[in-house]
Amino acid sequence: MSLRVEDLTVYYQTLRGDVRALECATFSLADGEIMGLAGESGCGKTTLANSLILLVPPMRHVAGRVLLDGRELPICDVEAMNRYRFKEISVIPQYAMNAMNPTRKIGRMAMELLRSRRIDAKRALPELERRLDLVELSHNVLKMYPIELSGGMKQRMVMVLSTLMDPSLLLADEITSALDVSTQKAVVKMLVGFRDREIVRSVIVITHDMSILYQIADSILIMYAGQLAEKGPTETIIHSPRHPYTKLLITSLPKVGVKHDETRLKGIPGKPPLLLDPPEGCRFRERCPVAFEACREVPPFLEIEPGHFVACWKETEPNA
Amino acid sequence: MAKDADRKKRNEFLYFALRNNKLKIGALVVLLFVVLASVGPLLTEYSPRAYVGPLAAPPSSEFWFGTTTFGQDVFTQFVVGLRATFVVGAVGGGLATLIGMLVGFIAGYRGGMVDEGLNVLTNIVLVIPTFALLLIIAAYLKVRGIVTESVFIGFTAWPWAARAIRSQTLSLRSREFVDLARMSGMRPLRIIFTEIAPNMMSYLVMAFILQFGGAILIAATLDFIGLGPTTGMSLGLMMQYAVLWGALPLGIWWWFVPPGAAIAAIVGALYIMNVGLDEVFNPKLRET
Amino acid sequence: MRRYFGRKLLIYLVTFFLAVTIDWLIPRLMPGDPIQNMLSRAALNANAAEVLYTYYTHAFQLDLPVWQQYLNFWNALFHGDLGISTYLFPTPVIRVIMDAVPYDLFLLLPAILLSWFAGNKFGAFAARTRRLDNTVLPIGYILTATPYMWLGILLAWVFGIVLRWFPIAGAYSYTMGPHLSWTFVGSVLQHWLLPFASLFLIFFGGWAIGMRNMIIYELEADYSHYLEALGAPRKLVRKYAFRNAILPQLTGLALQLGVIVAGALVTEVVFSYPGIGYLILAAIQNQDYFLVQGCFLFIIIGVLVANFLIDIAYVIVDPRTRRGMVGE
């Protein structure tokens, strides 16, 4: 499968005006690629994911389109998108811990969901059980209520449910945030396993935890304040980033083996702008150590090396 | 720093409050009746029980709401009764909210045996038919005023408020900022007033409005069956008299329609105001 | 689970004990002498009055020491004996109450159940579109804000007096005694409709509003969003939301059913309908405090039993409560 997002712009409608949560997002995803989507809280990662699968009010599509295998996805049409949901595009949501109906046994909920989507539930059952084995969940969970499961178990259950129909594209939103480190490792390994077994073809992994992405992502897309900052292969982003924000992000990560009484842990001074009335041009401008006059215009997301995109005037036109 | 955040929050509430239709319309209706209750008695030179006009006369330019079977001015009875209604709502509802606040806060915050004990108390007050109490009081106090009724309502209607406030306190108590205050060594009472109460302010306002409306309804019922005040006039009393003195078979609708309609309108408006307030305080509910 | 119910049972028993004690105190806290009151209604000469006074005081056990009266009360309670009514002497209180209960059940059971079903369906329906919601909401709130007696009076006036379609007093025509025939049944239904309607409408408003609020809350929940993201049809999402929203409504229903024995006092007064509510008022007006005491006892027991049953039912119906029982 191939995913291509072109100039996708999505705002949130509020009584005070539009919150410009996603601005001109353009990128591609290849077959079998695991792309990490990273950035601070509120930078637009979840908005991007939701735009691809559930673009409902208060979200508003302003511009841009999404192409799945060359065909345009009707992301604005809630009804038309149903054809793709669950079967071609699926999501493991941020709220996976609460994603299952608390008053229904899990197995029954799954069967009702399948039947409502006109899928033969009986035939899907053995496959469901095989998937449970893959994530090391006992078949008994199907007879339990969500409240009887631990956080990690619920996360894995939602992973199984969301991928049951072998979607081409999986959006994994903060699937490790609420877990302890060892469970985190198990969960991401399962995710990669899903891709390797072709249960899912491509994955967008949304997280603010770069160390996870370093382990499993083929490429990383960095976002800041609703704009795309940089995209490239994992090695490049981690070891030779070009966007000032990415550079600061990488250096601010604590490194194993480094004693912090020798080198202080650096943060990035300042705060991201409010997106209700964001500044003109590059939104990182006010915190950027190398900003200059050109930054008052939005820098285009340009390919400076094969597969490596940056939106920064300093990198693409340093002499402007 | 915190004061600025507070002021911003209050401005935000004001902003949304002024734009919320339910709140505006509800408040307008209540205000209308408050004005009527304040100004009305000045517009009439009669007293509620005086025999001033023709018997059972329909509304006219002289007697705007007509007269009763005894020739009393219904309009006078109505506006005087309206005053009594608001007094009972405010005093009775206010008292009930206060007691409910006390019991609910303490039970929710302390937990343990204190909570259990207060729970039993709440259950008993809930289960005792309040009529029983009222009977005894009515038998001893041959002359009762509106304050007595309000106080009685206040002391018997608080369990609902207490339950709701207790569960809200429980959920707030386990939130992080309270833990922070506790760890920093603040005394419990101070925590209640400075951390929990402001967050509950919206909840308390809404609880008060509900109690206000509830008190009005309870008072109307008590007045109707004769367990209300023995002096003065009230809307419930008007309806009792109307039924007692044959307004139904005689078709004297102007005697019993206005009082009940007023109650339905006021209490309904209060409920709708509450929904509007809920939307103002809870961003999730606001319409886009 | 056993410990949870054990504790609950204990609390209920304690509450029952205290409430019954308070109930027992009622006639004894009243000013005046109930026997005196009863006798004063029969015009007797002084000698007869004195003899009868002693006799009745003994008959009602009012000459025993207070603590013994208290114990006898509990004893009688367990034998289903609630004393003798002074208003309807010599009918035992329990007979008087049991004669009134069927009318309450007949009036209230359909009113509560039908309004619950209809109100919940309507409330869920109203939450579908904003426009619908904005028209339905004020109606619902105003209905639930309407005083019972006023709606009763209004209906009685419009349909009873002006249109003359229905009678406005009694449970059946005064020209008949209860017997098995279509005319009797017809008369009963005729007399039943207006009081039923006045209760039904107000209850309906309350349920509709409650359900509408609950459904909106459930439709905004995470599990609803997850189903939508997986492309589930609106029907499934609504079905789950409805099923979850109904749980607290069940509690409300049980609570209302629990108070059924209290009768719909004011409505019965307006329509002179012979239920327990009407009985209580008559007892109050005639100072028959033993009847009052008996009625209240009935109500207390009904409420406590209903509450306990709700607690059980809720545990069965909502799996989340089973977890919470392990303790906080």
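Of note:
Every chain is named by a letter (A, B and C) in the order it is written, and numbering of its residues begins at 1.
The criterion applied here is as follows: a residue touches a chain if its C-beta (ideal position, glycine included) is under 8 Å from a C-beta of that chain, and two chains touch if they have at least 3 such contacts.
Here the structure is a predicted model, which is why all the values come from computation and not from measurement.
The two chains most heavily joined by C-beta contacts are B-C. Ranked by how far their CA centres sit from the centre of chain B, the chains are topped by A. Of all chains displayed, B has the C-alpha centre closest to the centre of the whole protein C-alpha set. With centres taken as mean Cα positions, chain C sits 56 Å from chain A.
Centres computed as Cα averages put chain A at a distance of 51 Å from chain B. For the pair chain B and chain C, the distance between C-alpha centroids works out to 23 Å.
Those residues of chain C that touch chain B in the complex are listed here as 11, 14-15, 18-19, 22-23, 26, 29-32, 130, 137-138, 141-142, 144-151, 153-154, 156-157, 160-162, 168, 216, 220, 262, 265-266, 269-270, 280-281, 284-285, 292, 296, 299-300, 303-304, 328. Those residues of chain A whose C-beta lies close enough to touch chain C in the complex are 53-54, 56, 81-87, 90-91, 93, 95, 98-104, 112-113, 116-117, 145, 147-148, 158, 161-162. Residues 22, 111, 116, 119-120, 123-124, 127-129, 131-132, 135-136, 139-140, 213, 217, 220-221, 224-227, 236, 239, 242-243, 248-249, 251, 253, 256-257, 259-261, 263-268, 270-272, 275, 284-285, 287 of chain B are the ones touching chain C in the complex. The residues of chain C lying in touch with chain A in their complex are 221-223, 225-233, 235-236, 240, 243-244, 247, 318-320, 323.
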